[in-house]
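Order as written gives the chain letters A, B and C; numbering starts at 1 within each chain.
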Amino acid sequence: MPDFSYFKLSYMRKIKELIIEKSLLASALITIAVTIGIILVLSIEAVQFFSEVSIFDFFTDTQWTPLFTEKHFGILPLLSGTLLTSFIAIAVALPIGLTISIYLSEYAPRNFRKTVKPLLELLASIPTVVYGFFALIVVTPFLQEFIPNLAGFNSLSAGIVMGIMIIPYISSISEDALHAVPASLREASYGMGATKLQTAFKVIVPAASSGIIVSIILAISRAIGETMIVAIAAGQQPRLTLDPTVPVETITAYIVQVSLGDVQHGSLEYRTIFAAGITLFVFTFLLNTISYRIRKKYQEKYE
Amino acid sequence: MNNIQKNRWKDQAFKYWGVFCTIIGLVLLTVFIGDILIDGIVRIDWGFITDLPSRKPENSGIYTALMGSIWILILTTIIAFPIGVAAGIYLEEYAKTNKLAGLLEINISNLAGVPSIIYGLLGLEVFVRIMNLGASVLAGALTLSLLILPIVIVATREAIKAVPKSIKDASYALGASKWQTIWHQILPASGGGILTGVILALSRAVGETAPLIVVGALAYVPFAPSSPMDEFSVMPIQIFNWISRPQSGFIENAAAAIIILLGITFIMNGIAVYFRNKWQKKWK
Amino acid sequence: MENPIKENMVLDSVIDPSLKKIPKIEAKKIKVWYDGFNAIKGIDMTIKPNTVTAFIGPSGCGKSTFLRLFNRMNDYVDGFSMEGKIKINGSNIYKKNVNVEELRKEVGMVFQKPNPFPKSIFDNVAYGLKIQGITDKKFIQERVISSLQQVGLWEEVKDDLKKSGLALSGGQQQRLCIARTLAVEPSIILMDEPTSALDPISTAKIEELIFQLKEKYTIIIVTHNMQQAGRISDYTAFFYLGELIEYNKTKNIFTNPEKQQTENYITGRFG
């Protein structure tokens, strides 16, 4: 055995380890670069847009016609299209998703839950262009049987189908939250003679409320950012309306419309997609930040 | 007495409502897919797969879109896999408690929630314009890589977390360096989990449409890409294009293409689940 | 036999075990803190070479902490800080420029819960050699066989070295972990409650093994089991609340302890 004064710095080894560490760090820093990139790209183009279009007009004009000869740049029609379709989607997904989460967590036998959960997540993994096809080719004609005035492009079909797609966002996360509530709370409630339903709604759901709220916020964020379902089935007519039977256009569908067309790079029309994009980004960023904060607080509660 | 009965009745009613809700989504999905199968299965033949798109639906095939999708898939894997796994290793093994770790975590969580079309806008400015790659397969693959990067990173972290600390202790105690421990012990042990996550991320990339439209993937491309700098189309965009055409023949084409796209997606998900099960068994 | 190892690696001992210099192990004025909590309050100790030294004492008294100082495994614990010197053959292993990886090749460790790698039996034992960069297949094979023989596992596994290490029984797994440690030919082996997770038969086999190993190695073992300490160790150190209360030949500690606290612990008045 060598005497231990021989332990010396192995420079080659240390340098190799350092290089590896820094390379891994660089990979991790790319994620920060992406965020900075998104913010910069959207901001720079948006700033140039707003040098030509007043912010006041942008937020108050009720028409969005950047590609017509008489140009209006009010974001409200696109915003209303986005919010209307998202609202319908949530109206579908929330009751169904919550019911599923409560049923799976409190009622369903374990095997049923194990088989069904991955199947539900399947719903979220279908490419959205396929959902768009359903909405346009299957759902709209079906609904037209009951709603004769329903236009070929409308926010109702798109909203419903989008709702189906985001059911797992609500059901999976809520179910995890419900499941994480300690058994002792359930036992206390049952012990007092409460039914499963009463226990679920009066005890478990309130205890899991932050997790459920997080799931809803994430679902809303997903709905707002959805593109293909609405681009295919909701229409390309920006319209400030609450009527679900007429064509509308969402922020995302507008961006697709322009990208498919022949808009000059660097023109005002080109910049409109960034103005629309940054509006979308601000909304989803706020929603995601709120949900992250709630999630962190909620994790602490159970630790 | 009456109250208790009422409550019991409500409880039972909810149970039925619960089962209904649970299966309604899946039932609808089956109906939709059934409809697509009916619409499209007849259209699928060898000609459909090898034909180029054309103005007549009977002659229009998915060849260029399919090739484009394969190109995108391969390039995206090459770009996103090493960067995502490297970032995941860094976050789990090197950065555990410093301030940077917290910032990186929030950032990745945020990126995961950014709508995919925004990535398209980013790709358009940075890859297509500034880096002058044009509306090429490479630009599309880079854009999609950024999109799925958070998924790959999270999957890597979860897989590494599952490796017991005792394995690391044993490795260090034998005189292995940090990287040796990661390379010889942690990565092989977490490999299955990482692979599962990467395949799921790629299966998502295959179905992405909006970011690639923004980047400039064309709806009508008469040739398959032969280099990363070529223009391209992908399956979802071809489907979108066919849906937008008035002739009913194209609807059939769209349905047929959807069947193939879904087939690819399901196979990829199936492979991912297979790897996940195999990996989980390793620890039993 | 040709020496496959590069020059700047662990030397002489690999060629000829009898050339092993006998290590002198000293701990001087050791104090340890975890996040401000003073876990070890000031210990001096010299370990005799080619002996088995047992660390005994109630839970949480710093025995494991003190043990891990000798191969610097505490370095990975958040909030760890220490004062004092651990000298092996006169060099302080906590000096700034010490190569920790080389240290751990000389000072091996066996853990409480057997922790074989999820690899084959062969790869488990060969791992320590692999990370040193040794590629000579014949050398590795001979070393693996001899390590498995030393721990008495060879006959039981020789038919299928490709079997996963995790497929062995608990006692076999622990012996595999010991073989893995022996394969890099350390001169000192640290054992942190190596049999507390095992059944009595496996425990007996490992105790016998430890008894044989002390011919070539210096062993320090932390144990909760006083009878075990009495059976296999030559020297025993009794720790209590971060201090070394008594340290003497095992015979003396158990039949004629000097301190009252020692006697109380040994006779089971507290545990």
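Operating definition for what follows: a residue touches a chain if its C-beta (ideal position, glycine included) is under 8 Å from a C-beta of that chain, and two chains touch if they have at least 3 such contacts.
Treat the numbers as computed from the prediction; the structure is a model and nothing was measured.
Participant: Taking each chain's centre as the average of its Cα atoms, which is closest to the average over all protein Cα atoms shown?
Facilitator: B
Participant: Considering only mean CA positions as chain centres, point out the chain farthest from chain B.
Facilitator: Of all chains, C has its centre farthest from that of chain B.
Participant: So how far apart, in whole Å, are chain A and chain B when each is placed at the average of its C-alpha atoms?
Facilitator: 16
Participant: Calculate how many whole Å lie between the centre of chain B and the centre of chain C, each centre taken as the average of the chain's C-alpha atoms.
Facilitator: 48
Participant: Between chain A and chain C, tell me the centre distance in angstrom, where each centre is the average of that chain's C-alpha atoms.
Facilitator: One centre to the other, that is 54 Å.
Participant: So which bits of chain C are touching at least two other chains?
Facilitator: In chain C, 101-103 touch at least two other chains.
Participant: Taking each residue of chain B in turn, which ones touch at least two of the other chains?
Facilitator: Within chain B, residues 177 contact more than one other chain.
Participant: Would you mind listing the residues of chain A that make contact with two or more other chains?
Facilitator: Residues 13 of chain A touch two or more partner chains.
Participant: Using the touch definition up top, name the residues of chain B that touch chain A in the complex.
Facilitator: Of all residues in chain B, those touching chain A are 7-8, 10-11, 14-15, 17-19, 21-22, 24-26, 28-29, 31-32, 35-36, 39, 82-84, 86-87, 89-91, 94-95, 103-104, 106-111, 113-122, 124-126, 129, 146, 149-150, 153, 177-179, 200, 203-204, 206-210, 213-214, 216, 219, 236, 239-240, 243-244, 251, 254-255, 258, 261-262, 265, 269, 273.
Participant: Report the residues of chain B in contact with chain C in the complex, numbered from low to high.
Facilitator: Touching chain C: residues 97, 164, 166-167, 169-177, 180, 184-185, 188-189, 282-283 of chain B.
Participant: Can you list the residues on chain A that touch chain B in the complex?
Facilitator: It is residues 13, 16-17, 20-21, 23-25, 27-28, 30-32, 34-35, 37-38, 41-42, 45, 95-96, 99-100, 102-104, 107-108, 116, 118-120, 122-123, 125-130, 132-134, 136-138, 164, 167, 195-198, 218, 221-222, 224-228, 231-232, 252, 255-256, 259-260, 265, 273-274, 277, 280-281, 284-285, 287-289, 291-292 of chain A that touch chain B.
Participant: Taking the complex as given, what residues does chain C use to touch chain B?
Facilitator: Result: residues 71, 73, 76, 78, 101-105, 108-109, 111, 113, 115-119, 127-128, 130-132, 177, 180-181, 184 of chain C touch chain B.
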